[in-house]
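Letters A, B, C, D, E and F name the chains as they come in the text, with residue numbers starting at 1 for each one.
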Amino acid sequence: MLYKLIETLDQKFHFERAQAHCDIPCGIYDPSTAQIAALTVVRMMDLIAALEGGADKGKTEYHNSMSRYIAVKEEHAEKAKREVRVIWGDYIKPEHTEKHPELHDLVFKIMKLGSKVRQSADREAGVEFVEAINKFAGIFWETKGIAIKRAKAPYAPAMEMVYPNL
Amino acid sequence: MLYKLIETLDQKFHFERAQAHCDIPCGIYDPSTAQIAALTVVRMMDLIAALEGGADKGKTEYHNSMSRYIAVKEEHAEKAKREVRVIWGDYIKPEHTEKHPELHDLVFKIMKLGSKVRQSADREAGVEFVEAINKFAGIFWETKGIAIKRAKAPYAPAMEMVYPNL
Amino acid sequence: MLYKLIETLDQKFHFERAQAHCDIPCGIYDPSTAQIAALTVVRMMDLIAALEGGADKGKTEYHNSMSRYIAVKEEHAEKAKREVRVIWGDYIKPEHTEKHPELHDLVFKIMKLGSKVRQSADREAGVEFVEAINKFAGIFWETKGIAIKRAKAPYAPAMEMVYPNL
Amino acid sequence: MLYKLIETLDQKFHFERAQAHCDIPCGIYDPSTAQIAALTVVRMMDLIAALEGGADKGKTEYHNSMSRYIAVKEEHAEKAKREVRVIWGDYIKPEHTEKHPELHDLVFKIMKLGSKVRQSADREAGVEFVEAINKFAGIFWETKGIAIKRAKAPYAPAMEMVYPNL
Amino acid sequence: MLYKLIETLDQKFHFERAQAHCDIPCGIYDPSTAQIAALTVVRMMDLIAALEGGADKGKTEYHNSMSRYIAVKEEHAEKAKREVRVIWGDYIKPEHTEKHPELHDLVFKIMKLGSKVRQSADREAGVEFVEAINKFAGIFWETKGIAIKRAKAPYAPAMEMVYPNL
Amino acid sequence: MLYKLIETLDQKFHFERAQAHCDIPCGIYDPSTAQIAALTVVRMMDLIAALEGGADKGKTEYHNSMSRYIAVKEEHAEKAKREVRVIWGDYIKPEHTEKHPELHDLVFKIMKLGSKVRQSADREAGVEFVEAINKFAGIFWETKGIAIKRAKAPYAPAMEMVYPNL
């Protein structure tokens, strides 16, 4: 919601710049929310595996933890999908897709991976999900003319992530 | 959420069929929700226009109605976008996009129109939004091998809509 | 939210007609949302039964699927109840209940069945739930003077549903 | 959600008592949530009236406050309707409606009043809404064999409310 | 949301009173929502224990009930935390914390207990959670100059609760 | 929800370390969500001011934009408050508050500022809100032993923000 209205205003006030390039500061889009959500999916998969492999804590505790991990995995997979859709559907312009013709397919693939990580606790799918969203984040920052770097996330599972180099 | 899990199960139990064609009964996807939401956007635009053009009912009543119409328009535009994303991202398979190579662009266009109908009360954009989603619905039912028909919606704004011919 | 405001406007602009009959086009009420949600409840029950009866896929996969089916069942049972309440509480007028004196009890029964299908995975209760909502849909379309037909839903569990004959 | 499952359990463990009377401890149903929400609707109407009648605070401040009051009014009217539906649809049993045959109509009336207080800022409708829900609360506590009292709410608009006499 | 705007208005219209004491009628804050939610957490723990200890009802029924109890426990623990945060963050003023210097720590402790009751089904933690929120409710009513009483909640688990003496 | 369960697991598996220091990687807490939300509040204030000061675009367009800016401001102020509460209530431990005794008051102040930016469109309050949350973010990263830097946000209003130096 936010994004479109900011964009509109910006287009009204910076019309000449908007026409020329795509470098208008269009609004507060940030792929970090999707990236954090995807990391969380992998984290939940690790917790699920640890619970299965760990010492038995009793039936109730097992169910309490398992139900919660699955629900959190579900919720964050959906959140990541939604956030990617918002940036793609609202911020990305035809001139971006001309320059990055793979973008539609990348988003489509992210949606499919997002389904897969909900249907299973397969860590490999989780890692692919994070990486596809990192790729998307890289393209996003490039469209804004902001350089990126790679660094480990400051929390488990500490995967290497794409960040803007501010 | 629902969609993916149904699909998974179906793939497990009907594996041979799924391999062969795309006619598996994949789950309870139905574009009608997006279509009703888009119609509601146009309806709100009509109510906004009627309020602006109508006799003055007093400041409080004007604000109460206007705030509510805008909020409903906002909410249903977002709902339509979300529902289209779910069907596209979860149900649509690569074999569908091969047969309908315009599908990614159509969905992308629906997202853009969904932004436009939130940023304004421009009825023409609303009508375009409904029509783009009708087109999407037509493709959807075709992938399932179900014929479509066109009929007026049984409520205002009574636009002609795409329905499955059950 | 939507429904009431449309109704209000319509009452203002079509006052004479509203007084005379109940045939005003009152707004975008559509029982199909409740019907699809109820079908989804039955679909989840079938998936739960298939999971219980199927080959063992391992503890994690079992829990992941089971938790998700139950959550989807829960959510859609509640959604169906809410949608029926909205149509009943907002669209239905005293003149409708005079003509259909069984309506209050039917809605009350739908609420009870909606509770039952959450508390268990009993398919018979699920089928009763769908049928009660179909009956409600039939009365709804009758109040609008629109004929109905019966046809199989175009997705599993493919139960026979009530549709408006558009 | 909560209510039904508590009820189920109770019915299993206290079956003989449940059959005999309606004095089973059925679960954590409490009409106070609906009552507080309805009071809030009236409070918002008072704030809207004060804003309209007050000295002009400038266009921005006026809009900021007005939008927020209307949104809060909307939200709490819906909340009150939902809470009443839950108690009626989940807790109330056929034996209660036999003893209180007016209950279906009272709930139906509450739904209608809940629509009215959203469509306008008419304080009289707001007061009627609170009173109808108080009446509902009175019946509810009676079905549980708990005496009621009337006392002023400890916050504006300080209307007289029905409370259980604990 | 509600609370702050009421407060603002009140401050505008009753400025002289507000300056003098803390007895302004600040708005519709009521700790009962948090108290009911915390009670619900304990109730769910009791139902979980009963399910574990009860006769075997079959795998599906066990999972259906267990998943739902855990989800309800989760939801109400979060609800209680949120409600306490709202009253503390919005209603409580520096003059209250001067008079009750333990308030920040009490709220902090409630947050911790709210985490604990989600991570486990430990009834003792649940009881502590209810009691900490009762203590918070007692301070709240004292700041408003309203006497309190203790009475058993009129529903299971029927713990002794703090109520305003209206 | 996420946070607490990660923490629990970590405590179980790294018990000896957890006892000794507070440097365990406790989970996926990240103040960036609260920071982005607070920036959005200021952005909305700027858009509101631009709308008021701009050429008249007609009554409908004015209302459509104003309603949406206020709703977005509202939503993001609440989001920032919630996120800060989660990190404070779930991640922050007594050993952190011993080292940062100002933490409770800082969080309390953030809540108050979050109320203020909803009740008005006062940009100064918005800036204070962002700065208080930046201060909170700085303390958070310090508790994790991660150095911070200051850099301009890569989107309007481009305020200087606190980031972890990854």
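The criterion applied here is as follows: contacts are C-beta pairs under 8 Å (C-beta built on N, C-alpha and C of every residue); 3 or more make two chains touch, one makes a residue touch a chain.
Keep in mind that what you see is a predicted model, and the values were worked out from it rather than measured.
> Mind listing the chains that sit against chain A and also against chain F?
B, E
> Using each chain's Cα centroid, which is most distant from the centroid of chain F?
The chain farthest from chain F, judged by C-alpha centres, is C.
> Which is it for copies chain B and chain D: same residues on both faces, with over half shared, or different residues?
different
> Chain D and chain F share one sequence, so how far apart are they rotationally when you fit their Cα atoms? Give it in degrees, rounded to a multiple of 5.
120
> With residue numbers as the basis of comparison, which of the pairs B-D, A-F or D-F duplicates the interface of B-C in over half of its contact pairs?
Repeat of the B-C interface: A-F.
> Round to the nearest whole Å and give the separation of the Cα centres of chain D and chain E.
So the centre of chain D lies 20 Å away from the centre of chain E.
> So how far apart, in whole Å, are chain C and chain D when each is placed at the average of its C-alpha atoms?
24
> Give, as an integer number of Å, the spacing between the C-alpha centres of chain E and chain B.
For chain B versus chain E, the centre distance works out to 41 Å.
> Residues touching two or more other chains, restricted to chain C: which are they?
1, 5, 8, 65, 67-68, 71, 74, 118-119
> How are the chains arranged in terms of who touches whom: line, ring, star, complete or other?
Its topology fits none of the listed shapes; call it other.
> Under the stated touch criterion, can you name all the chain pairs that qualify?
By the stated definition, chains touch in these pairs: A-B, A-C, A-E, A-F, B-C, B-D, B-F, C-D, C-E, D-E, D-F, E-F.
> Under the stated contact criterion, what part of chain F meets chain B in this complex?
Those in contact with chain B are residues 59-61, 63-65, 67-68, 71.
> Where on chain D is chain C touching in the complex?
For chain D paired with chain C, touching residues are 1, 3-5, 7-8, 74, 78, 81-82, 85, 88-90, 92, 97, 104-105, 108, 111-112, 114-115, 118-119.
> For chain A, which residues count as touching chain F in their complex?
1-2, 5-6, 8-10, 13, 25-30, 32-33, 36, 39-40, 43, 47, 50-51, 54, 65, 68-69, 71-72, 76, 141, 144, 146, 151-156, 158, 163-164, 166
> Could you pull out which chain E residues touch chain A in their complex?
Checking each residue of chain E against chain A gives 48-49, 52, 66-67, 70-71, 74, 118-121.
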